[in-house]
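Order of writing sets the labels: A, B, C, D, E and F. Residues in every chain begin at 1.
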Amino acid sequence: MPIIEMHLMTGRSVEQKRAVAAAITEAVCTTLGVKAETVRILVTEHGSEDFSVAGMTAGLRTERQQESEGI
Amino acid sequence: MPIIEMHLMTGRSVEQKRAVAAAITEAVCTTLGVKAETVRILVTEHGSEDFSVAGMTAGLRTERQQESEGI
Amino acid sequence: MPIIEMHLMTGRSVEQKRAVAAAITEAVCTTLGVKAETVRILVTEHGSEDFSVAGMTAGLRTERQQESEGI
Amino acid sequence: MPIIEMHLMTGRSVEQKRAVAAAITEAVCTTLGVKAETVRILVTEHGSEDFSVAGMTAGLRTERQQESEGI
Amino acid sequence: MPIIEMHLMTGRSVEQKRAVAAAITEAVCTTLGVKAETVRILVTEHGSEDFSVAGMTAGLRTERQQESEGI
Amino acid sequence: MPIIEMHLMTGRSVEQKRAVAAAITEAVCTTLGVKAETVRILVTEHGSEDFSVAGMTAGLRTERQQESEGI
């Protein structure tokens, strides 16, 4: 511990994933006083139809915004 | 909050995913008295070898059923 | 499946928990065409220091709001 | 219940997935005294850039090791 | 990895928790060929109003059963 | 998104929880280029019998260590 699960929208680059893993681990070690070796992070990526806010998937939201902005 | 993670078998259509996101959000808002904007839903899909009941994956179960029904 | 994990702030009544379980299950059955028996819902409650938005726990947010409103 | 989520690195064979589902279910039934039908297992697979220990993704760790071992 | 989250109804004894942790770990090591040191298990317990099947919480189900059995 | 679930051993202070929420959020915003308002963190605490490594709960491990160190 700590064990961290992070849910992201798909599409992050390898560089971003490596950077966020390092940065979160440092943040946790500094504030909780744990050793880096105890920190594990699992990332799960979600497509645009697999995440919703206010009952609307991200994909539908994008579609609606594009419609409202004209073709 | 609420934050909801929903595990589904793979294969739902975009229409189904949009419909279930809207319906769950309405269900939660009505019964818990929260605003729709606070409801987030994450969907994770699992393949037929990544879900098991009673120690048998869905894929194995299907295979067994097909066998028992003859070729 | 579907298996649903719902994260809530602590403090919901038994009546609310029963109502939201019934309502989500109905929402899922109607939109995904699954049988109610296949729907499982797990609720995890989080205290005010165990949920944060924008880097601020709910507890700290409440504290700040009370301060800004006087006394 | 029990409901079990298992996070694995990608790349397990169908045979391994079926074997581990059966073995975990038996382990749970024996030690907790539950019926196999109540045990559900969800597997989520993570790629090498989606799992990190000590702030380093599995992919980066492999890369570093290969470098240190020479080409 | 593997990292395992197990959801249980509240009320397991310390002995049961220690036994199931050992048994699952052995099951995973044997079938997936991993070292025991890589297996981490997290248990989350859920009260009777925090788990539902078919839209009915475990608490409500018990209540109904007791009613149907007389006083 | 990102939505982050962090599993901790029980016993962190309110100050630690507030500090880690702020630090993780900043780490995520800096490396992924997201706005702080989109970052949600859920903390779940686990008791010493609810977390195991290598098939041994944290509670059992502590007990064994105390025994091996004499009374």
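Note that a residue touches a chain if its C-beta (ideal position, glycine included) is under 8 Å from a C-beta of that chain, and two chains touch if they have at least 3 such contacts.
Everything numeric here is computed off the predicted structure, so don't read it as measured data.
Undergrad: Give me the superposition rotation angle from chain B to chain E, based on Cα atoms, as a multiple of 5 degrees.
TA: About 180 degrees of rotation relates the two copies.
Undergrad: Identify the chain pair with more contacting C-beta pairs: A-F or C-D.
TA: Comparing A-F with C-D, the pair joined by more C-beta contacts is A-F.
Undergrad: What is the chain whose Cα centre is as far as it gets from that of chain C?
TA: Measuring from the centre of chain C, the most distant chain centre belongs to D.
Undergrad: If contact pairs are compared by residue number, which of A-E, A-F or A-B agrees with A-D in over half of them?
TA: Of the listed options, the interface copy of A-D is A-B.
Undergrad: Taking mean CA positions as centres, which chain lies farthest from chain A?
TA: Centroid comparison gives E as the farthest chain from chain A.
Undergrad: Can you compute the centre-to-centre distance for chain B and chain F, using the mean CA position of each chain? Integer Å is fine.
TA: The separation of the two C-alpha centroids amounts to 28 Å.
Undergrad: Just how far, in Å, is the C-alpha centre of chain F from the one of chain E?
TA: Inter-chain centre distance comes to 20 Å.
Undergrad: Hunt down the residues of chain F that sit against at least two other chains at once, touch-wise.
TA: Counting only residues that touch two or more other chains, chain F contributes 3, 7, 22, 24, 26, 40, 42, 44, 46, 51.
Undergrad: Could you classify the connectivity of these chains, where an edge means two chains touch, as line, ring, star, complete or other?
TA: Its topology fits none of the listed shapes; call it other.
Undergrad: State which pairs of chains touch, listing all of them.
TA: So, checking each combination of chains, I get A-B, A-D, A-E, A-F, B-C, B-D, B-F, C-D, C-E, C-F, D-E, E-F as the touching pairs.
Undergrad: Which residues of chain F touch chain E in their complex?
TA: Per the stated touch rule, the residues are 7, 44, 46, 49-57, 59-60.
Undergrad: Write out the stretch or stretches of chain A touching chain E in their complex.
TA: 3, 40, 42
Undergrad: Mind listing the chain E positions that touch chain F in their complex?
TA: Touching chain F from chain E are residues 14, 17-18, 21-26, 36-37, 39-45.
Undergrad: Across the complex, what residues on chain F touch chain A?
TA: So the residues of chain F in touch with chain A come to 1-9, 12, 16, 19-20, 22-24, 26-28, 30-32, 46, 51.
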